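Which chain is which? They are A, B, C and D, in the order written, and residues in each are numbered from 1.
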Amino acid sequence: MTWMCKQSLIAAEFTGVMILIIFGTGVVSQVVLSSNPAVAPTPKGEYLSISFGWAAGTALGVWVCLGISGGHINPAITIAFATWRGFPWKKVPGYIFGQLMGGVVGAALVYADYFHAIDIYEGGRGVRTLKTASLFSTYALDYMTNVSCFFSEFFATAILVIVILATTDKGNGPPPLGLLPLVLFILILGLGACLGMETGYAVNPARDLGPRLLTSMVGYGSAVYTFRNQYWLWCPVLAPILGAQAGAMFYDVLLFNGRESIVNKP
Amino acid sequence: MTWMCKQSLIAAEFTGVMILIIFGTGVVSQVVLSSNPAVAPTPKGEYLSISFGWAAGTALGVWVCLGISGGHINPAITIAFATWRGFPWKKVPGYIFGQLMGGVVGAALVYADYFHAIDIYEGGRGVRTLKTASLFSTYALDYMTNVSCFFSEFFATAILVIVILATTDKGNGPPPLGLLPLVLFILILGLGACLGMETGYAVNPARDLGPRLLTSMVGYGSAVYTFRNQYWLWCPVLAPILGAQAGAMFYDVLLFNGRESIVNKP
Amino acid sequence: MTWMCKQSLIAAEFTGVMILIIFGTGVVSQVVLSSNPAVAPTPKGEYLSISFGWAAGTALGVWVCLGISGGHINPAITIAFATWRGFPWKKVPGYIFGQLMGGVVGAALVYADYFHAIDIYEGGRGVRTLKTASLFSTYALDYMTNVSCFFSEFFATAILVIVILATTDKGNGPPPLGLLPLVLFILILGLGACLGMETGYAVNPARDLGPRLLTSMVGYGSAVYTFRNQYWLWCPVLAPILGAQAGAMFYDVLLFNGRESIVNKP
Amino acid sequence: MTWMCKQSLIAAEFTGVMILIIFGTGVVSQVVLSSNPAVAPTPKGEYLSISFGWAAGTALGVWVCLGISGGHINPAITIAFATWRGFPWKKVPGYIFGQLMGGVVGAALVYADYFHAIDIYEGGRGVRTLKTASLFSTYALDYMTNVSCFFSEFFATAILVIVILATTDKGNGPPPLGLLPLVLFILILGLGACLGMETGYAVNPARDLGPRLLTSMVGYGSAVYTFRNQYWLWCPVLAPILGAQAGAMFYDVLLFNGRESIVNKP
């Protein structure tokens, strides 16, 4: 594998996450900002829209890079595939770098698209608080304990991985590869509607940390990192990575029996 | 068939129902609990979300075990397949056991995820009433008579089975097997939106009894069984089993003519 | 073709329309009836649910009979296929009979399922007015003129037929036959959301007349026929039949060029 | 290629855009007009319906002409395919003419369907203002600057093109051609829900200019052109054309490597 080709894999993951984040942070921004009558005369969406927006972003983000890089668009998935499906470890850093950058750039584009509305919503030009930082990254509900936060992300990511491993397992009943994103559409729609209220179903370190980096750079400052004592690290980064491991272990112990997998390319 | 393999079938049905219940009871919990402002500042869903959540859970639950166990994830379906499609009766108890356990474990995971919010919604730590027991199992609307309750579940399950038998009948116009869960997504979305208000469209004994067992163990007590005089047994357990038989009889008498079926594996 | 087989075709169309009507009139009933707090504590749906319910009913109704009878489930389609695609005219009466009966039986089952709630909604046992007759059949909005009513149904059915002829035309870009109902899901979702408010998008004589016959038999009386001077005949029956002809003519003049069609079986 | 055949390509694009516009302007009309109690007793949709309506229109519009003309139904796409995928430039004017006419005729049919309701909504027969002109074409929100308007359309169209090029690239992971409209359904649903509030996601010059021509002819007069100083030209026409170029350049520089494309027919 040449450097040229490696670069293309990183570019593919970059683009996939960028698309994911454009739709995902785009829909949260549209729904929240348009609820302010000074922004839009009538609301342009509701909570269910958010579930559909992230679902669309995930399906389209994977379609954009599926045949080139495998469509991981999630460091927790990349690490799980390296641990359990023979994805080469030496590619992992490049993949994660591309994914994180995709998150930063996707959030930057949405920020550029909506910053006038953010000014109005925050009540002044350049005013930036966690109220709109949460358009880009996840922040837990008030009542949640730290243990609950961790469990919520760990749990949702484990489910995500069980479904992904099942629907890419040739020994199970997978769809045609080119239609796999339909499964992901349904999966993310479901996660948002069913397990999304507590910690915002990050389930993807790049989805959360990329946009968080962006917010820290455009005026939200260090508040995005100091929320709840390193929340940014242990909840939307570590919990998904460990949850993905747990989900993969669950699937491989209970259901997988060494048959060929779509993602097990020799 | 070795013991090893039998175990794998049970594990597959277990996992399928677990996924179904995680999404299904998850979405009811999220929609109902987040309607309380002490839980979430704005509602995180509405009734239509519930229809989509159960639809997603069903599609994903079937995808997770489709190629291993056939993706029944419903004792009423398993019994109907044994009666009408040659599914071996000796496997039925194992399947049903796995399905029930999947219901218990799925509900336990959702309970673990949401119990802080349940405390707030119930108005006190450890207070548990039918108000939140209904997040996990089905309870009929007040005005319903017992006959109506039974008919509602019997009827909805018959429709479910007619559609499943038609879309797995090679002599009809089935989709590719790996996309069958898309049919189920539409089917359960439709059942929830169209025939769901009266008895909560259990249409699946494991979907209802599994989580009900869980609630009886975590503090809801015997109230979940004494509601409406053994309601738990005759409405969401017996009615779906008999409705599935009626649906299968309908399909086989009117439309099936002995051609090969996807689920008729010799 | 033997009598046996003919019977099976009629049974298939019967079942397809029955499924369509169960979901379709089911969703209207659920959304409207549950908006009354005496029926359900919270609404069990909204207008968008109705669009999804009819979409699900259409997709599932077609899946149930697609490979047996071709999945017409609509007399306007059957007549258009006979006129433009060589479907044998001698089968037309049988198809239409089956479709109408499916409409009657489907509506009867939904009526049996919801009649307690109808009693509550109407404000008394056995009170039956057009307020709930409209759960089963279509009635135009007040402001509409007769010409507008006719145009609305004619227009929507023409669009329906253009899309159906295009997506079954092997010379165009059709989906695999077993996934054709996905197109219909999107099509009916769209018709309901986009062109549905004025006359309720009957676009199918059996969908409207079948349930209307049922309502006239269960206590709504002749009011369902006297509304707007034979409305039942010229708006939801004749307009769709003629609109289907117009749509087929449009497609065949502009886009079809004699290539083989999925529905043109020799 | 004979004149006959050329005509058929133009007719195909005409029909595709006509279908797109019927559903798209239809859903906006239904949702906005039915919010007036003098039109309909209860609202017949909400913002999410609009996203689904345009999604349905796009998928169905492409299905109607996919195998005949390639299913562009968007001048920005046609020009991008000519620039980057070898689509013959000499066919471009015919395609764009067909697309524009499809936009005019589609809007005319919806106008004919809804003009009584428009009269009621506007408060008098023949009263026509931008309030209902916006049912047919796009008008930016008040707070938006001109630069933001341009960026919003440029950005959304670039995303559109990146996804289209990826899902038609045989070297990536495309779906079967006959199911490509499912991708577009998800894509347009996402664009509407996520990036649609500011300028109404025209992303298609024919979608906006065709209906705008119609409105200028049926009584809205020159106001549809004088809004914001030639807004009609630089925002929904030029920005999508340039955005499509940017999206195509992005895809081809970062991800495409000369492999065969579905749309690269020799």
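Criterion: contacts are C-beta pairs under 8 Å (C-beta built on N, C-alpha and C of every residue); 3 or more make two chains touch, one makes a residue touch a chain.
None of these values were measured; they are calculated from a predicted model.
Trainee: Please indicate which chain is farthest from chain A, where distance is taken between mean Cα coordinates of the chains.
Mentor: C
Trainee: Between chain C and chain B, is it the same set of residue numbers doing the touching on each side, over half shared, or a different set?
Mentor: Result for this pair: different.
Trainee: Nearest whole angstrom, what separates the Cα centre of chain A from the Cα centre of chain C?
Mentor: That pair's centroid distance is 41 Å.
Trainee: List the centre-to-centre spacing of chain C and chain D in whole Å, with centres computed as mean CA coordinates.
Mentor: The mean C-alpha positions of chain C and chain D differ by 29 Å.
Trainee: Counting only residues that touch at least two other chains, what does the list for chain B look like?
Mentor: Within chain B, the residues that touch at least two other chains are 46, 48, 176, 179, 182.
Trainee: Looking only at which chains touch which, which shape fits best: line, ring, star, complete or other?
Mentor: The chain contacts form a single closed ring, each chain touching exactly two others.
Trainee: So which chains actually touch one another? I want all the pairs, not just one.
Mentor: Those chain pairs which touch are A-B, A-D, B-C, C-D.
Trainee: Can you check the complex and tell me which residues of chain A touch chain B?
Mentor: 46-48, 51, 141, 143-145, 148, 151-152, 155, 159, 162-163, 166-167, 169, 171-176, 179, 182-183, 186-187, 189-190, 193-198, 250, 254-255, 257
Trainee: Which positions of chain D touch chain C when the two form their complex?
Mentor: These residues of chain D touch chain C: 8, 11-12, 14-15, 19, 22-24, 26-27, 30, 33-34, 38-40, 42-46, 48-49, 52-53, 55-57, 59-60, 63-68, 71, 109, 112-114, 116-117, 120, 176-182, 185.
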